[in-house]
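Presented below are the structures under discussion, each in the form of structure tokens.
Same chain, two partners: chain A is paired with chain B first, then with chain C.
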Partner chain A sequence: MKIVLPILCMATLLIGCVDTKQIEQLGIITSYGADLLEDDLINNTLLYTQFDPDIKEPIQLVESKSNSYEGAVDAANLKTNYKLVTGQLRLKVFGKELAKQGIVRLLTTHYRDAEEPSRLYVVVSDTTAKDVLTINTSFNLSKFLYNLIDNNRKLEILPKSDFKDFAHKYADIGIDPIQPLITIEKKKPIIERLALFQNDVFVGSLTTEETFLFKLVMENFKAVTQEITIPKQPFEEFIKKHEDKRDAENLHVILSELRSGQKITLEDTKNLKYNVDIKIDANLLEISEQVVIEDEKVLNKMEEQISKKINKKLEEMLDKLKELNVDTIGFGRIYNQETKHKELTEQKWRELYPTIDVTFNVDVNILRHGVFD
Partner chain B sequence: MTWGISMDINVAVKPGIRIRAFYLFFIIANIQNGTGIMGVPRYIYKEAKQDSWVSILIAGLFIHIVVFVMFQILNKYENTDIFGIQVDLFGNWVGKILGTIFITYVFGSLLTVLINYIQVVQVFIFPTLSRWMITILLLLIVTYAVLGGLRVAVGVAFIFFILSIWLVIFLYKPMTLTDFGHFKPLLEASPKELLLGAKATSYSFLGLEILFFIYPFIDNKKKAQLPTQIGIATTTFIILLVTGISIGFFGGDTLEQAIWPVLILYKLIEYTLIERFDIIVVSQWMMVIIPIMILLSWMITYGVKRLYKISQKKTLFVVILLLLICGGTIKNQYTIETIIDYVAQIGFWIVIIYPLILYPLVLIKKKTNKNKEGES
Partner chain C sequence: MKKRTNKFKNSKKKGEFPIVIDQLEQSVKDQLHDEANLIFKKINVQNKNILIFYISYLIDKKRLDDNLFTPLLYSETEWSTSNLVDNLPIGDGKQYQTVEEVCSQIISGSVGVYIENENEIVTFSILNNQQRPLEKPERESIVIGPQAAFSESLETNLNVVRASIKSNELVAEKFTIGSRLPTEVRLTYLKSLANDEDVQTMRQRLNDLVVDDIEDSSVLSQYLEDSSISIFPQFYLTERVDRFNYSISKGKIGVLSDGSPEGIVAPTTFFGFFESTEDVYFRWNIATFFRMLRFIAMFISFILTPIYVAVVTFHYEILPISLLETLGQSRSKVPFSPVLEVLFLELIIELLREAGARLPTKVGQTIGIVGGIVLGQAAVDAGLTSNVLIIVIAMSALASFTAPSYLMGSAIRVIRYPLIIVAGLFGIIGVTFGLCLLIIHLLKMTSLGRPYFLPVYPFVFKDLDNSLIRLPFGISNKRSISYRLKDDTRYKEKKSTKKKDIDDLGD
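Entry: the complex of A and B
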């Protein structure tokens, strides 16, 4: 007892040594948006949550002007009666114009400052960040945006694209980051495209269809549904009854439970010849016409047509990437890993990248086609 | 002072204050995996790049040999420590000067543990908390434990090792984020780079010198080698693990810039209930550094007592006072890094290379002694 009492006293008194943070006095920043102003200053939009029971609106908005992210929080503090804290920051939105000048300077604090969180999403806005964060909604906008990305990532629609991924790809030579691009449609933020970066500079975007192709090359699908359009002509003889009178040329096929695997190999180090092998296993879920699948022949034909189509699309996508000179797939990294004693420089790869020669081999395998023939 | 007075080479230790050899595993594993482990991947990577794992294996193997040699040296004597050996080899004066250098180095080592940890606490948890405050709190525990003697120190090492080793398990999460491309191309580093990388691990392997201090206190000396070697193997494994994951996760440039890559790895771990795991890790790390500080403080007090016959209590208070002043005043990140760098450099020579030089000298000395006995 003689010892317990002093220890208890000490433990209680020690609490006074540390800064206290009362939750009622805090404004917890959940989203941050940055736009470029004319004189190179940054216009910041911050969404924060407060827990004051007297105030109806839990989500508040504050704007500030600064040159840096931490400066933005500092400047915003003068405009609010709460102490702004950044530990729960989940989303950083960058306006298009700012993103075109590079965004990494507003992200370095997440490496440098141990107090800053590292689980956050980095997105580009199609217009300005302010437009996205000032959408008048009845729901919690920060949460909406976060879940918009998070859920689509879990559904395998979006590729890996959080801050960790951005930082990883930005740091590695021979691979460029890709992040979601937010568009506003009917006063609601949506993801329509993906922003392509050259290092940290926003240079172009991929459509959702191209995103699927990109994911085919980069990641393994576990179970995803995808619509693919193939020409109708080779299947004419198997079509029992024309149901789709709208489109006479094409057949729309829905593949479900799509699983895929990929392998990128550098065949020829000197001439930069790559081989990309993609293997797809899928179920046939829906066809826009009533194609009778009586024997394997029809299926084989369909598999062949699908792989041809994907192959073509992949080549188109790569041409687009080459034209923008962004190596989102990371061919440069593979080159760097396969060649010893030759440190690849950023500049050298930007010169080499448009000259690479990639052959895609897509192998589609339809496992089942439902309970009817 | 007792400068001129000759010292007993062998130490008589009462059975009541001896420890079992089995505890050597916990002592070694604990004292080595201190603050060094938080930053070591960066230093190794700077030298050996993606082949760092080879460097670590080389370093580990080398340390195993060093430990073997240390036991060979100690086994040549009946029951002695480094101070006795040095006095026996170099005579009273030189032996005592060397012993003093050894103790000074241990103090430096102790200081780096303290200031490094304070810095980590300030960076990760309480940026505004006074340095004096943390220093006083840590030193209170250390003083209390050291006053209890070696057996308390060893007990703390044993319990705290078990209480903190679970942290390793949580590295599974960053492990899943490993990018194996970062290890390619394999074996690109030249032998020189590999060796430099191996040398860069030395700060993490320091602490080994405790063998030279604690040996007389070991009860069953014949069984002492195995637990020690397992302890070294554990350290090697942990360094290998954290370096591997760090390289896999960060890759090149980022890793070279990260001061505490291992803590950043822990920052990636997030659970619904605990969003910032790194805060738990930094707090838990206190359990890792407390035994180290206790063991190092004990080594200093014991060494001074052996050399100058000053009571351990007096030395302890001087040491604690010095630590308090240094811990409270050294706050510049660059200064701290410089001190650590110096200690690492000196430690490499004193702890890792010195025993290898000592061994042939001991052999020669023993041989001449035998010859003399034979003649007389």
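Entry: the complex of A and C
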């Protein structure tokens, strides 16, 4: 009884301390957008879901001006009759101009807030965040944007790019984040490119074709379909009949069920010589010309051409990254691992990175051709 | 009044016999408080005055005429107390020397015979026991398997138990409990199997029980249980004959009491309450599935509504976004807080259940339909509850009825309420806290001194068979080892796996 009574008292008296969040009284923020204003204030665009039996459209939009992320929600609260909460936030969109100045200051509270989900996508808008979030659609825009990224990531088209990836790539020395870049086409948000970050500063972008190459180096593909263009000339003798009259120079090849593995090794720590071995197993699904594949020779030739092509493209992509001084692939991290007892600093790597020498060895292996799964 | 008590006192004295017939008649009448149907018949055979007395509605009149009056009246020999017992074609003849003892026999369906000037009264039991026949179980119904339920008569119940356990190992110890209204209670177990300690514990509890009367087996089990504070039943009360017998054949102890259509089975585990005898009749894989289903149902039953309350009140973040929209839209019309909403609807369901149980069967069905469909729909239309909640409540109500034991089902339905309230006050933290208390309580409980949460705590791997799951009969050759039975092997493992060769078939 001596224990029970105080506990009962405490339970009764402390009930008032628990803050209730009844679902129907909440404005549940699902997307957040931030843009830079001229006077260095941030213009926030918030999409939230509210439940009102009288209002048919549950998705509402509110804007506010503030200097910080938490301030944005606070300021927006004054403009709505619902209590704004961030526990279902799925997407943070940053305007191009803001991203160019660094976005991490608007993400730091997110590291510590247990209420906000970790499955959250950080994206950059090609114009402003407001443009993306005010697109007039008949569907749920938050859901659309989230699924746009999520499904493409699951389909292995986009690289790993949720908030966790951003956070650790930002914090690690020798690797830089890469996040989707949203462009608006025909009043619909699409992903055309990927935003490259130097730490948290948006500096450039990769095309989706380059994304494939980037993923080849960074991640393993399990089953993906990819179109590759190779020169037509070496296969001239095997082409029965020219069907593709549009393109006389090139042969377009579709590889399906593409499976890849990669290994990056640092050959020489002094001269920074890297070796990237990439192994690709794939099915040959479609060719733009009717190439007669009668023996191994044709296939070998094709494998060789594809390897060459990918190799070339990889080198081009790396040159672009080096030029931007963005180490998205993380060569610095490998360097840091190999050279123990020497603390790699951010500044030092930025100096070293443009001087690295990378050799790509792509080994393409066509397992089957013409077979649909 | 004074006169009567004096007489009463006199009649109690021993050695009042021999007595005059008229005097005996008067003293029996006094003892039985002038029972209107008490019949006295004076006959004279071979110059002996004989008084026969009985209560007319308690005895079998045909047997009275055929086996008592006929041989008595047409006898050629002279009757005496001793040859009454020996020569009358009725068994069960007893001799008494006090009127009080005789009267207690009369009220349990005996006929008293007194030959004038003899020293003893003889009684013969020719009870005409009015009892309903064995019927189908109504509270614990199953689809396949034997369909017999205990009746209110202890004799019948013992009869059916003995009929299916044909072994002289079956012991049925007799106890009489109740100082004012005594009831016969039988402690049954298999001598060669049941744990002596458990039997002794039960025996002692029955012996030590001092109470004026027991109304039913369920009352008796409450007196005998380890903890009377707990909400959970610790002994299994069953009306099914096959379940009772199955338990006894597995080394458990059964208690039957007169006037009750339910047998007590002890010791029982928490998981035992979700076992049905049907699990034995089904194939092992189906039985395991159904048993798992019942455990899940039990869990759903007491966790689903508290979780709903917690999520809707505090933790909107854990919901998937599409579910959040559905929930939010259905909640937006409701004027109450989620706790009140849930309590309101739970109350309706409990009222329906209670009304359905009290009303006659035919009306009960109508009430169920009216309540379930019409009320639920109306409540949603009126904006009193959300339609998601209707599904949640219906599911947890349905789930609570899957427990084979009605007592356990009710216990689960009741523990839901405190959980709903803590969920409304503290959210998931509250629910977790409540669940922890519940689990601590269950772990601490015992049934007849044996852990209640067996075989999970203390964990006994070999006992998972026949408690959480059911293995094929070919494999499960062991009885429960945690009850320390005298013999825990049902059959030798080697013999069951040995295949007969064609050469052995001739043997």
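Keep in mind that, in the parts below, the second predicted complex is superposed on the first by the 353 of 373 C-alpha atoms of A that agree within 3 Å, B and C clash if a C-alpha of one lies under 4 Å from a C-alpha of the other, contacts with A are read in each partner's own complex, and residues count from 1 in each chain.
Keep this in mind: a contact is a pair of C-beta atoms (placed from the backbone, for glycine too) under 8 Å apart; a residue touches a chain by one contact, two chains touch by 3 or more.
Keep in mind that what you see is a predicted model, and the values were worked out from it rather than measured.
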| item | value |
| --- | --- |
| Touched partner set for A:Val18, first chain B, second chain C, both or neither | both |
| Which superposed partner A:Glu115 touches (first chain B, second chain C, both, neither) | both |
| Partner chain in contact with A:Leu26 - chain B first, chain C second, else both or neither | second |
| Partner chain(s) touched by A:Glu338 [first = chain B, second = chain C, both, neither] | first |
| Touching partner for A:Ala171 - first (chain B), second (chain C), both, neither | first |
| Partner chain(s) touched by A:Pro53 [first = chain B, second = chain C, both, neither] | second |
| A:Arg90 touches, of chain B and chain C: first, second, both or neither? | second |
| Intersection of the chain A residues that touch chain B with those that touch chain C | 18, 87, 115, 117 |
| Contacting residues of chain A [partner chain C, same complex] | 11, 15, 18, 20-24, 26, 28, 30, 49, 51-53, 58, 85, 87-88, 90, 115-117, 142-143, 146 |
| Residue numbers on chain A that touch chain B, as the complex places them | 14, 17-19, 87, 111, 114-115, 117-119, 164, 167-168, 171-173, 333-334, 337-341 |
| Interfacial residue positions of chain C with respect to chain A in the complex | 311-317, 319, 321-322, 324-325, 327-329, 331-334, 337-338, 425-427 |
| Residues of chain B defined as touching chain A within the complex | 123-124, 126-130, 133, 137, 177, 179, 181-182, 184-185, 188, 249-254, 257-258, 263-264, 267-268, 270, 275-276, 278 |
